[in-house]
Amino acid sequence: MGIGTYEAYVERLKKMKPNIYMNGKKHGRDEDFMRGGLYVIKQTYDCANDPKYEDVCTATSHLNGEKINRFTHIHQSKEDLLNKQRMTKLLCHRVGGCIQRCMGTDALNALSVVTYDCDEAVGTKYYDRFLKYLEFCQQNDLTCNCAQTDVKGVRGIRPHEQPDPDQYLRIVDVREDGIVVRGAKVCNSIAPYTDEIIALPTRFMGAKDAAYAVAFALPADWEGIKIMGLPGLQSKRVKLKAPVAEVGDVESLTIFDDVFVPNDRIFLNGLENPETVKFAGYLALMFAHFHRHSYTGCKAAVSEVLASQATLVADVNGILNKEHVQEKISHIIGTAELVFAAGEASAYKAVQFPNGSYVPDEILTNAGRRLAGSEIYNEYSILADLAGGLSASLPTEESYYDPETAELVAKYTKRNPEYSAEDAHRTFRMMENKLCSPFSGAEMVAGVHGGGSPIMETITMMSRYDLTPLKNIGKYLAGINDDIPRYERPTMTPRAMLDKFKKTEK
Amino acid sequence: MGIGTYEAYVERLKKMKPNIYMNGKKHGRDEDFMRGGLYVIKQTYDCANDPKYEDVCTATSHLNGEKINRFTHIHQSKEDLLNKQRMTKLLCHRVGGCIQRCMGTDALNALSVVTYDCDEAVGTKYYDRFLKYLEFCQQNDLTCNCAQTDVKGVRGIRPHEQPDPDQYLRIVDVREDGIVVRGAKVCNSIAPYTDEIIALPTRFMGAKDAAYAVAFALPADWEGIKIMGLPGLQSKRVKLKAPVAEVGDVESLTIFDDVFVPNDRIFLNGLENPETVKFAGYLALMFAHFHRHSYTGCKAAVSEVLASQATLVADVNGILNKEHVQEKISHIIGTAELVFAAGEASAYKAVQFPNGSYVPDEILTNAGRRLAGSEIYNEYSILADLAGGLSASLPTEESYYDPETAELVAKYTKRNPEYSAEDAHRTFRMMENKLCSPFSGAEMVAGVHGGGSPIMETITMMSRYDLTPLKNIGKYLAGINDDIPRYERPTMTPRAMLDKFKKTEK
Amino acid sequence: MGIGTYEAYVERLKKMKPNIYMNGKKHGRDEDFMRGGLYVIKQTYDCANDPKYEDVCTATSHLNGEKINRFTHIHQSKEDLLNKQRMTKLLCHRVGGCIQRCMGTDALNALSVVTYDCDEAVGTKYYDRFLKYLEFCQQNDLTCNCAQTDVKGVRGIRPHEQPDPDQYLRIVDVREDGIVVRGAKVCNSIAPYTDEIIALPTRFMGAKDAAYAVAFALPADWEGIKIMGLPGLQSKRVKLKAPVAEVGDVESLTIFDDVFVPNDRIFLNGLENPETVKFAGYLALMFAHFHRHSYTGCKAAVSEVLASQATLVADVNGILNKEHVQEKISHIIGTAELVFAAGEASAYKAVQFPNGSYVPDEILTNAGRRLAGSEIYNEYSILADLAGGLSASLPTEESYYDPETAELVAKYTKRNPEYSAEDAHRTFRMMENKLCSPFSGAEMVAGVHGGGSPIMETITMMSRYDLTPLKNIGKYLAGINDDIPRYERPTMTPRAMLDKFKKTEK
Amino acid sequence: MGIGTYEAYVERLKKMKPNIYMNGKKHGRDEDFMRGGLYVIKQTYDCANDPKYEDVCTATSHLNGEKINRFTHIHQSKEDLLNKQRMTKLLCHRVGGCIQRCMGTDALNALSVVTYDCDEAVGTKYYDRFLKYLEFCQQNDLTCNCAQTDVKGVRGIRPHEQPDPDQYLRIVDVREDGIVVRGAKVCNSIAPYTDEIIALPTRFMGAKDAAYAVAFALPADWEGIKIMGLPGLQSKRVKLKAPVAEVGDVESLTIFDDVFVPNDRIFLNGLENPETVKFAGYLALMFAHFHRHSYTGCKAAVSEVLASQATLVADVNGILNKEHVQEKISHIIGTAELVFAAGEASAYKAVQFPNGSYVPDEILTNAGRRLAGSEIYNEYSILADLAGGLSASLPTEESYYDPETAELVAKYTKRNPEYSAEDAHRTFRMMENKLCSPFSGAEMVAGVHGGGSPIMETITMMSRYDLTPLKNIGKYLAGINDDIPRYERPTMTPRAMLDKFKKTEK
């Protein structure tokens, strides 16, 4: 069956070997610190099983025609890309932020495209291997992590030039039955509670970086994988339960401490054939691209959630109809709309690749993601502005129930009479969670960096955008050229970069 | 035949009665001050006749299946809306800015939707009348102006409350064979060189404003129409001809000095039936909406043109590859992409109306237009930044040919050796045109206000956006509500405002 | 002696009656949750006793010529105002943010000016009473809180119109020996660990609000004062002690549950004489004004601290010399410089008031404070940008010491070889504290709202700025007026508002 | 006498040899195209002779104690620097923009400091020579231009590396009685109507650039100086005279076509002594620094003028009291205040140099100038926003007097009844001048680039700002360093760069 349940997922986690290191101890996946992350992932199973969300949260497997969870699906059409955006947005609404599971989806989609293209070009046999793995993920509705960002050591020099060669994940041994890898992946959110970890390269690799051109998938508790965990949680509520307080995650630094990868789990190996090395960068970009396209869904949702909270707290404060308040909320809404529209327009321009996948337009995807990233702190600033200082000085929850203070704090934190004291309290408790908690701090950082920081999107845009025809418009208008050919920017995808890269190599 | 020629258009203009007032004289349409505007409109005829642009610049009339100029077409599909955007962008590239003729197209489309709806609701007979007029425009490929913005007098009070009742265009007499109107429309670009002037209301009208609920079309030289003209032109080039220097317009204040409108040219008359009054606002919004959607095409082009010129001048200056230069250009490109994507996504969400027309999504359209408007001066700032001060202190063109100075000025204004002295000169001459001319100043002002200034788009967005389901997301996350219904923002169009307005009235 | 010690301060706190309500219990001032706030206040005593800081941290009392802690000083000159700014900035550097104690200083200065002016105008006797209280504060080097912001209930209506009349602090009983007050003050930082609480009005009061025109000072543990506390603390470090982790505060909602105020502690009482009522607003503004001037010192420091941390983490990341990094850091530095310069220029323009105090220029002070407030989230965004995602996913501190992981995490979180693994760890631990903690979230909120949110500063600026002479420049240039008088903006202080208010009253 | 008259100035100009090349002809200084520039310079003479402005517009010569025009004064105190700022602002108010004459003042001040320091260090005799020249300027109240910006040819390579060695002004011959120079200076505003042209280097020069290390002063019509002129003028008004329409300038590219400079006019000559070469960069920076400090006066005025015009037009439009209008105007005012305050605070921190001059703080000066430059287009955007589209489509002036249209256009361009039709007309005519004219376009470009574009100020700030003590704050807070020394940023001046440069050389 291609649609799993939360219960089955939790059962699988419980059976895993403890390999999460925190606070000086080794932890399994059955402890309370997991609660926030599990709450989020739960939505991805529940909604796939809920007829209300079926149209967006499920898909039809191109492998066997079965109904599957869309999180394990390879996009077969523009409609699939649009539905992924919609699913992402809808689920993000339910958790008030990142739905977390898209990274696995994006890794599967990137592998599908790139293993096929690599096989075609080089004659390797990765794609069939990948399809078997994909079927396994679809059948069991597995939650996958994507471990991409290497720790990178000294900036500005290439992997093989590093004083410590392990600063990028690399192959340290090749055996008959597989390879041994060493290195670490950072900012590796949700690794502590996924079934599988998919490791992909983080950048282009040159000929001398062949040992670094490696991609594979392994169970998250595999021998030698050591996960340094960092839970992101809201304080437990005493009485006033609320989704915003249930949500959390466990971030990680995932260390591959000489880990054996069996052959059937290897999807790229630069030591196998030097021609495959350049596919490392192609794969890195392809994952980043799918992931940024996912962000056009989730970041739109993040902005909408912030707008929803800004609207609510402004209403509780009795200032919702003020001109400047409307203007500020409209600013967040406008960003949400533009980011989502960038993703939609990218999807409509998507190109079918040789493996059958649809890949959205890269420049628009990056333009959308960049806008979101450059606005995120500003959106929190607006929320803080409209919420007011009470967000940062709210009496503790217990004070609302302590007989000596309950009546007083209720009296003095009520505002707009249309909201009960409890609803005002709930609203400001949410503001505290949203504006003044480790988890919200991490959300802001993730808003800047997740999927690539704004400067990476500028670089991606400008490395892909062909300035020549654009410059020709200028030359025509200046009278330097006699005419301009009719110009419409062609759809760009990471493949263009691969081609460019090939030319440069020679 | 539904595709006219520039020559036929010019012939029609020449036959018109002089009614353009400038510099203390009355002018006809055969003088040199028209050259800039004619140059622009010429493109709209030439490209419709050019097989290279046929796919976007022509359309199939829904009246008779004939091939027509897309500027006279009523959008029959989402594809039509997308093609209008593409046509607009492509033509704007050719003139380095506004293509000017879309206002007529947008007026025709608004009338098509609203006259039909009005007839349905009230029983009037405007739609058939409109169709006859439309056929006349299509058959002759007429260029139409839209006169919308009233001079408005005292702000903050309604038309009928004005001390001078003529501050909004109004009906001052009703006759058997027509009506007599009085008032003036401002910022009425291109009226001096269009075949027809279509007058539409500028705002919602209340019951007491019935005489102001009026829409009609008349030939531009009709008795009583007095056009106060203001040519926007670049200085004539001595030697270095260039498209950027050919382009211009004639702005106007169009005065209706007790003008008779025959019955077959009236498309809304609030005195005919009090039920029609509310359609004034609906028509005002519908035109603004179509026009803002056109802006998602032209403003994207305006940004691309600025990016093209920034790229060229940065290259001539030898700084194109600097990190900060790339970042600045990418900022303009990103805006162009997002604005155009907003228009595309609006088109994909378009709704078919009872008359058969497709109407794009209003919130997205406004979000896109607002972004463009709020960025325009910043984009010129980037252009000025990359061009440098020479743009504002270039020797006169003659100095490049005066034997005493020619060699010296060529020597001292050459920069990047990849560009000849003449090409550098051409580039900076274009910078002078673009940064330091009355026409470019007007372009900046139009970038802010054309189609509605940013604050109008904020108001439109917020009056249409339903904050309740959004607020419910906040309530759900705070634990105030138990669950949220699945929420996706529905497509919004000006019709929603009409419905809202109807409710308010009661 | 006018310069106290931290030890004496702590002794005084220990003797106070428990009246801090948190987590369902009543707490005294001898518990661990106070540690962060005490760490900060400690600097204000230690530096006053440190010869290195003596020049800025001490002053000469105008009451008796004794050397006192500058935090208890009434500014007697422009130099005093400049020194207050410098002291604030220097101490803020030491705690990496708000020095917390300035609110008391600003309250004393506001009372000094306003009680004198009120006595002069109305014949009350507040100033002498105030001087006795001031001497008591100076002699004992007391730390004072200022309780200003009322909870405000329903926005947009005045205090006496509130359905619940206690939403603004008010006099509920007048006795021979004093008054009884009821109400609550919110966002009342540091009240849990100050000697004294000074309560001031939060806004202008009309004639019907006379009972709300009240100001007084009381010991923080006075009968009936109930402090709802909220500690802001960083997680305790296991091994790597660092100032950034020591710093904290305790925020509060301070409830006055029918509190008796003896006559000698009352500094404004609107029920005593109706003429005094208008001094409520004057006092509110005067405190806000002094407080915003303090912000030109502390916010400059906050920006410098963020720039210092951005510089450090960029260096640890090995990217400090990148063009875009330098540009981003320069942006923060530029803001710090401009904010501080606004405060300095305000001080140089300061006006001596009848009581002998110097009051800085209001428009400049607000312009500086506003810039800081509007940039604060952006500055955190830059810090997050340069720090990278590791800030939000750092392994727990214990992982650096757990034998099973210590070597690995050190290896994989080291970067620029010029920094040891421990220093890199220290730097990212600080980033976690600064970007992802409840305390840093509260710092961001305080950056927006402390001393008045940006919109309040805009309102203050515009209510004080006389647009008439400015408009006259426009009229002169347009030829409407024949000439302009020489125009230099006069120094503005809250007094102008008092005068304006008086006129409006009539 | 040290205070001249406009009449004497004009007489001097009339006597000059024609050497202004425009439109293919050679022009003298007695033609109408000069009118705008002369109007501006006139204010600098008239106000120095007007008792109302005497305190700021005159100064006491340190050479002989005579009263002189402040534009010829060497700043002898902080008060002088503050007065220069005030003078600049006041005069800019009168012309609605740049007062143009400060460039000469700044050149004289830079020469005063640098020639003295050079003599001290190297043993040259420039300072005495300079003093004689200064006295000549003071006695005759001469208007001086500063020719700094070389045309620069190929970017990114040094002067002596240029394929065409004349792309930076250089010495091509050394004679007994002087030197011969060749090259061209661009963006050389006001050269066509100054008495003298002072040429200074544009950048640091290395040992091989010795021939480029040259500074001198010559009469503007000196043999071999060829001025390529570009007049900036508003259209002549028919009836409605107004200062805004009188103002203008003549920009230029000034070519030195093998020009002989007699010894007594040479202030730096790198061929005379290799040790002097490094003073070229010092002089370049010192002029830029004084000029940017002047900008803290004039750019504050430019913003105030824009705010004054925004206020007026908003009032004419009847929207002045709208919340968003007030917010926008306050934004411009806030910038003006902050920019001016940066200059004031720089002045208060000024350092006395060996020659006796006062030199303001460099980082603050640059922070202030940068803010102004980065806001200028945004301020025009606000003006365009509040003025509305009529600014770009106003009927021609004659239409207001043509009997056939006069009444109609008056009727239809009147708005707020508090303003007569003529005053409304005057206001919008000013808007046309300000938003849509070649001169206003040039003003915007100059707002970005004059005195150095924003990126140059960022580079200057960051090359001067010592990040080490700042980074130490970060290290202390992180626990890397045990303590921080008390840190206050020292005053920085271009001299620091000279010292840095000296170290680098070795």
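Think of it as A, B, C and D in the order they're written, each chain with its own count starting at 1.
Keep in mind that, in the parts below, contacts are C-beta pairs under 8 Å (C-beta built on N, C-alpha and C of every residue); 3 or more make two chains touch, one makes a residue touch a chain.
All figures in this text were calculated on a predicted structure; none of them were measured in a lab.
**Student:** Out of B-C and B-D, which chain pair has the most contact pairs?
**Tutor:** B-D
**Student:** Need the most distant chain from chain D, centre defined as the mean of C-alpha atoms.
**Tutor:** Max centre-to-centre separation from chain D belongs to A.
**Student:** Any idea how many Å lie between the Cα centroids of chain B and chain C?
**Tutor:** 51
**Student:** How many angstrom between the C-alpha centroids of chain D and chain B?
**Tutor:** From the centre of chain B to the centre of chain D is 39 Å.
**Student:** Quick check: what residues of chain D touch more than one other chain, meaning two or more?
**Tutor:** 324, 327
**Student:** Quick check on the complex: what are the chain A residues that touch chain D?
**Tutor:** Contact set of chain A toward chain D: 323-324, 327.
**Student:** Where on chain C does chain A make contact in their complex?
**Tutor:** 21-26, 149, 151-156, 163-164, 166-167, 184, 186-189, 226, 228-230, 232, 251-253, 255, 257, 317-319, 324, 376-378, 380-381, 384-385, 387-396, 398-399, 401-402, 404-405, 408-409, 411-417, 435-442, 444-446, 448-450, 453-455
**Student:** Applying the document's contact rule, which stretches of chain A touch chain B when the two form their complex?
**Tutor:** For chain A paired with chain B, touching residues are 52-53, 86, 89-90, 93-94, 96, 240-245, 304-305, 307-309, 311-313, 315, 320, 326-327, 329-330, 333-334, 337-338, 340-342, 344-346, 348, 363-364, 367-368, 370-371, 423, 426-427, 429-430, 458, 461-462, 465, 467, 470-480, 484, 486-488.
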